[in-house]
Amino acid sequence: MTYINFPPGRNFDFAAIGRLCIDLNANEINRPMEETRTFTKYVGGSPANIAIGMSRLGMKTTFIGKIANDQMGRFIHRYLTDNRIDTGNVVTDRTGAVTGLAFTEIMSPAECSILMYRDNVADLKLLPSEINEELISRTKMLLISGTALAKSPSREAVLQSLNYAKKHGTVIAFDLDYRPYTWTSSEETAVYYNLAAEKCDIILGTREEFDMMERFEHNPERSDQVTAAKWFNHCAKIVIIKHGKEGSIAYTKDGASHQAKSFPAKVVKTFGAGDSYAAGFLYGLIQGWTLEKSMEFGSAAASIVISSHSCSDAMPTSDQIKEYIGRCERGEIVV
Amino acid sequence: MTYINFPPGRNFDFAAIGRLCIDLNANEINRPMEETRTFTKYVGGSPANIAIGMSRLGMKTTFIGKIANDQMGRFIHRYLTDNRIDTGNVVTDRTGAVTGLAFTEIMSPAECSILMYRDNVADLKLLPSEINEELISRTKMLLISGTALAKSPSREAVLQSLNYAKKHGTVIAFDLDYRPYTWTSSEETAVYYNLAAEKCDIILGTREEFDMMERFEHNPERSDQVTAAKWFNHCAKIVIIKHGKEGSIAYTKDGASHQAKSFPAKVVKTFGAGDSYAAGFLYGLIQGWTLEKSMEFGSAAASIVISSHSCSDAMPTSDQIKEYIGRCERGEIVV
Amino acid sequence: MTYINFPPGRNFDFAAIGRLCIDLNANEINRPMEETRTFTKYVGGSPANIAIGMSRLGMKTTFIGKIANDQMGRFIHRYLTDNRIDTGNVVTDRTGAVTGLAFTEIMSPAECSILMYRDNVADLKLLPSEINEELISRTKMLLISGTALAKSPSREAVLQSLNYAKKHGTVIAFDLDYRPYTWTSSEETAVYYNLAAEKCDIILGTREEFDMMERFEHNPERSDQVTAAKWFNHCAKIVIIKHGKEGSIAYTKDGASHQAKSFPAKVVKTFGAGDSYAAGFLYGLIQGWTLEKSMEFGSAAASIVISSHSCSDAMPTSDQIKEYIGRCERGEIVV
Amino acid sequence: MTYINFPPGRNFDFAAIGRLCIDLNANEINRPMEETRTFTKYVGGSPANIAIGMSRLGMKTTFIGKIANDQMGRFIHRYLTDNRIDTGNVVTDRTGAVTGLAFTEIMSPAECSILMYRDNVADLKLLPSEINEELISRTKMLLISGTALAKSPSREAVLQSLNYAKKHGTVIAFDLDYRPYTWTSSEETAVYYNLAAEKCDIILGTREEFDMMERFEHNPERSDQVTAAKWFNHCAKIVIIKHGKEGSIAYTKDGASHQAKSFPAKVVKTFGAGDSYAAGFLYGLIQGWTLEKSMEFGSAAASIVISSHSCSDAMPTSDQIKEYIGRCERGEIVV
């Protein structure tokens, strides 16, 4: 059954809006950052990672965002271009903002943490007037990510992009990607996550992220059904709720729930799992695959990325995912 | 025809949320403020004025807002109580915020201006967690006003109050009351006005205010029909667009437009016209009157207030309005 | 003995730098502000009051400050001009700042309080580049006041004015005028008060104000001698420490201490006592009078002002002070 | 001739106050940062570098500063301890501040630039109340650095440390270290640099830094003599003005000027030259060496550091400096 109908005749398969930043991954892993000495620089940020993943999967991809007028900003711009992502709506800040940073610390495959630099960052300075309506009207799917809602004026820019997408029938996916820093309070967070989600066709998040959005509501059992039903009353057609190791469940408006198998991985770190999953899954939807097949593709992409040192750089192609699934099926990869 | 059905069995007829401030009206009128020496203090703020008007008209009225912990805040609290307005959800600020001020200058009946003090004001510090859901569930109609959307956290508090009202079937009226100060940009303003208006049953504003909300849209003729149709696609049942001296038109979802006669007045100043109109009109709706009769009542209330030195203090009772209409009909009041 | 030598051949006797604001004095006195209804508008701010006092006493006076680009700012400008105070260095703000306000509440002659509006005020926006060095070089005495040190850039403007005054031999008087609002912390306050006082020839303040400045020091007995000696190690020649009802003592570098009699008054309120004292005292110094005679003149000026409803408007002329002293001496005024 | 007398009987030879941050030096040099991929982490910040240099030279050294409560802050703390620097007055921030970062880009030995992260940094949150007076009273020399004056409350903390140093006879050295970011305006910069310099015994800076401090003054020829004379009117005994390749000149209160030879170096980058010079020179002063010998020692230390990839890590010991001087004298090191 087809849950999402994509508008025909669009130039771009996929547009992502929001955070473009730099990951600085410690080269010396399995130790605290106090003991590391060198870092490798990658492009990062959840929507950036997903856009890179989509482009690697062959989707015609564009990005809506803002970069600092510095060496880091130019590095990001070049990386997007090298990955064949359209940058016509990647604006350069002129106010002296900096590029957001994420220093990653890998203590063990299970214990990872991030040290964020999010003060005065360029990505949160995107203005509503800088959103190109025409670009959104020429795109099949728009992905928004929760961090871009954390502060004005990026918050209003994202809300305005939703208006344009609704007006032009562009499918909207919302990757919740909730990160507490930058937000003023949990109430503020809940208000804007809910306002944005009301307009989205596809919502992906962890159970904990949906809990956060329900802080003004009554769902004491933390029931997925209650959560999904709430969004089906608005625009949602697919709600994916991730339960960590127990796997993800896709709920659909027809009352069905869908689950797919996951794949083993030699885990280096857990960062990037959600972004690669989103890329693989949304790619499947655009291909017209079943939810189950799309979810499986997403899971395999995630297993590849968490077996690697980076996030953006490790985003796989379609062939790499298929090969990985094949190797898993032949028992060549086991945990 | 009945356009709005009010929920039965509620404790309060009316709740207003937002600005509570102090008007300091120059006693020496018809001159610039540079030449005035004394001021008289009144409670002010558009939603405060409307709430006072509703209470004077006999409606069981409550207020949701925040006051400074100072003499001005206590003066406001006392005035609300003296006017039989429930203050159970009027919170006192504890952060050192001040009471908003509006010094009014009456150069001539046609030329009035306001000098605002809106930095660090208590009313904009209302938190989403301070909104009493239960109170909203016990109220027939909630009135929001645009100025309360101008800044966080009041902005989120109002957005959250809309969620509660929708959840409990409380009718929502939106008095646009756009004032440029406090807002960061016109784009920001348009984004939040639109987001809020999408959830409202009744929208009242001037043609210029609706133009501001359409800055991302295409309505080159500034057509009332285009404007009204947009909102009927969301939740609106009644859209009132005010055209200054040409009078106000109420558009309804059935395609009809409604206009009522206006009344002469010996104008002292124009402040407070909109607030008294809103009180009279919304009172009529709650009584189950026709739109035309409600609008007429609002117009008469406005004529009374603009003939007086104050806004809140001049809000008329039902008897006063009826008497005014009678005197106009008998030709006793002419311009 | 002459403690201060004024430079000869200057165009102005006196320049004050700092706060220009509006006092809104309740007309209904002997009650809390919650119960007052009307206010009268006056020019206010400690350095403004002292400058007005000096001009009324016949001193050629100029002001260095910043006013809001609004009706209140223009009212202040006109009042200074009407009082023959040079406004060549009174700059108009262009950033949207407002005029500082002080609502005064007179509960009883002994119980007075002030409700201040000090957010985003024009007087604290004065820039160091807006200080006219040449004007200071043509002035006998510069008066600074502590509140102007409370925030940047006014803080740097005052510190820079001290540099110009030292460079050109202009005598500097420092009226401590400490008011806790606006300051971030008591440590910050102490640091800047001390830095400024190190460069001043005359320092006037209450015992409590000097205590505040000694928070990093050791003066457990709160000894005036310890306090005065500290400043004589810098530039001070006269240190006046006020002990409320016990009167003021002037300490001089030669080790002497000086006290003058005070005068009875029919007290309306206590506001303005310090400003009128400063004007009377500094006027005496410029006349070359003894410290005792200057202090007496200041005391009489203070008695006149506290017997009146306003501060700035009540600043007396030389004849009025002499007449008041005469009436007191004749026993015509008793408490 | 001895220009500086150090107080006897002190526990510490040297205390530095101010910036503690992280340098992230690109490993791939001679290219723009857009093309680099890996960075190595070092402790950085001018006063930190000088303190590390002093400790390597055998001086009993302590630091007064504030570090972030994160992995970077703990790395700095550990590095100071490993370098035998007392951290009794290195306070940990509890407000969520981050560690300042400096990404260095080495395009060529002559073309270096720095990308700074200075928003919400821990080092600028040091409070005046966190300065340990007793520690300063037990130290021979206190070094302050201009960047710590850039923002409150660090600004007041440094000004307060000067008060303590003056009170206890601790010699004060001021390394101007002017960096435009963080400062609001050039006037603000000049005001605080001058206020601080008035209290210092030794002032070191480039001709351009002294020009910045003279923006309110008249020194059209940019004369070193005029500059030095100004400071001798306050507390200064030695004023070192650096003229880049033409070398540094030390001016002394007796009217003399002193210059020393410099040493060749195989330059990798220019960062750290000033800090190593300051360490070598101040070390010589504490040893009681002549100015010329002290300056020579500083120059040799600088040549060692600019031949290396890092700043703090490359700070030489006394033996290394002596060996370097020997090798230069034997002609073993030539440019």
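Order of writing sets the labels: A, B, C and D. Residues in every chain begin at 1.
The rule we apply is simple: contacts are C-beta pairs under 8 Å (C-beta built on N, C-alpha and C of every residue); 3 or more make two chains touch, one makes a residue touch a chain.
Source: prediction; values computed, not measured.
Visitor: From subunit C, count the fewest steps through touching chains until subunit D is reached.
Guide: Step count on the best path from subunit C to subunit D: 1.
Visitor: Sort the other chains by how far their Cα centres are from that of subunit D and give me the top one.
Guide: Relative to subunit D, the chain with the farthest C-alpha centre is B.
Visitor: For the sequence-identical pair subunit B and subunit C, determine the rotation angle of the Cα superposition and round it to the nearest 5 degrees.
Guide: The C-alpha superposition of subunit B onto subunit C needs 180 degrees.
Visitor: Find the geometric centre of each of subunit A and subunit D from their Cα atoms only, then give the gap between the two centres in Å, rounded to an integer.
Guide: About 44 Å separates the centre of subunit A from that of subunit D.
Visitor: Distance from the CA centroid of subunit A to that of subunit C, rounded to the nearest Å?
Guide: About 61 Å separates the centre of subunit A from that of subunit C.
Visitor: Roughly how far is subunit A from subunit B, going centre to centre by Cα mean, in whole Å?
Guide: Result: the chain centres lie 42 Å from each other.
Visitor: Identify all positions of subunit B at which a residue touches two or more other chains, and write them in rising order.
Guide: none
Visitor: What topology does the chain contact graph adopt: line, ring, star, complete, or other?
Guide: If you draw each chain as a dot and join those that touch, you get a single closed ring.
Visitor: Which chains touch, pair by pair?
Guide: Contact pairs between chains: A-B, A-D, B-C, C-D.
Visitor: Within the complex, which stretch of subunit C touches subunit D?
Guide: Subunit C reaches subunit D through residues 127-129, 133, 152-153, 156, 159-160, 163-164, 184-185, 187-188, 190-192, 194-195, 216.
Visitor: Which subunit C residues qualify as touching subunit B in the complex?
Guide: 24, 27, 32-34, 36-41, 70-72, 74-75, 78, 98, 101, 103, 105, 115, 117, 119-120
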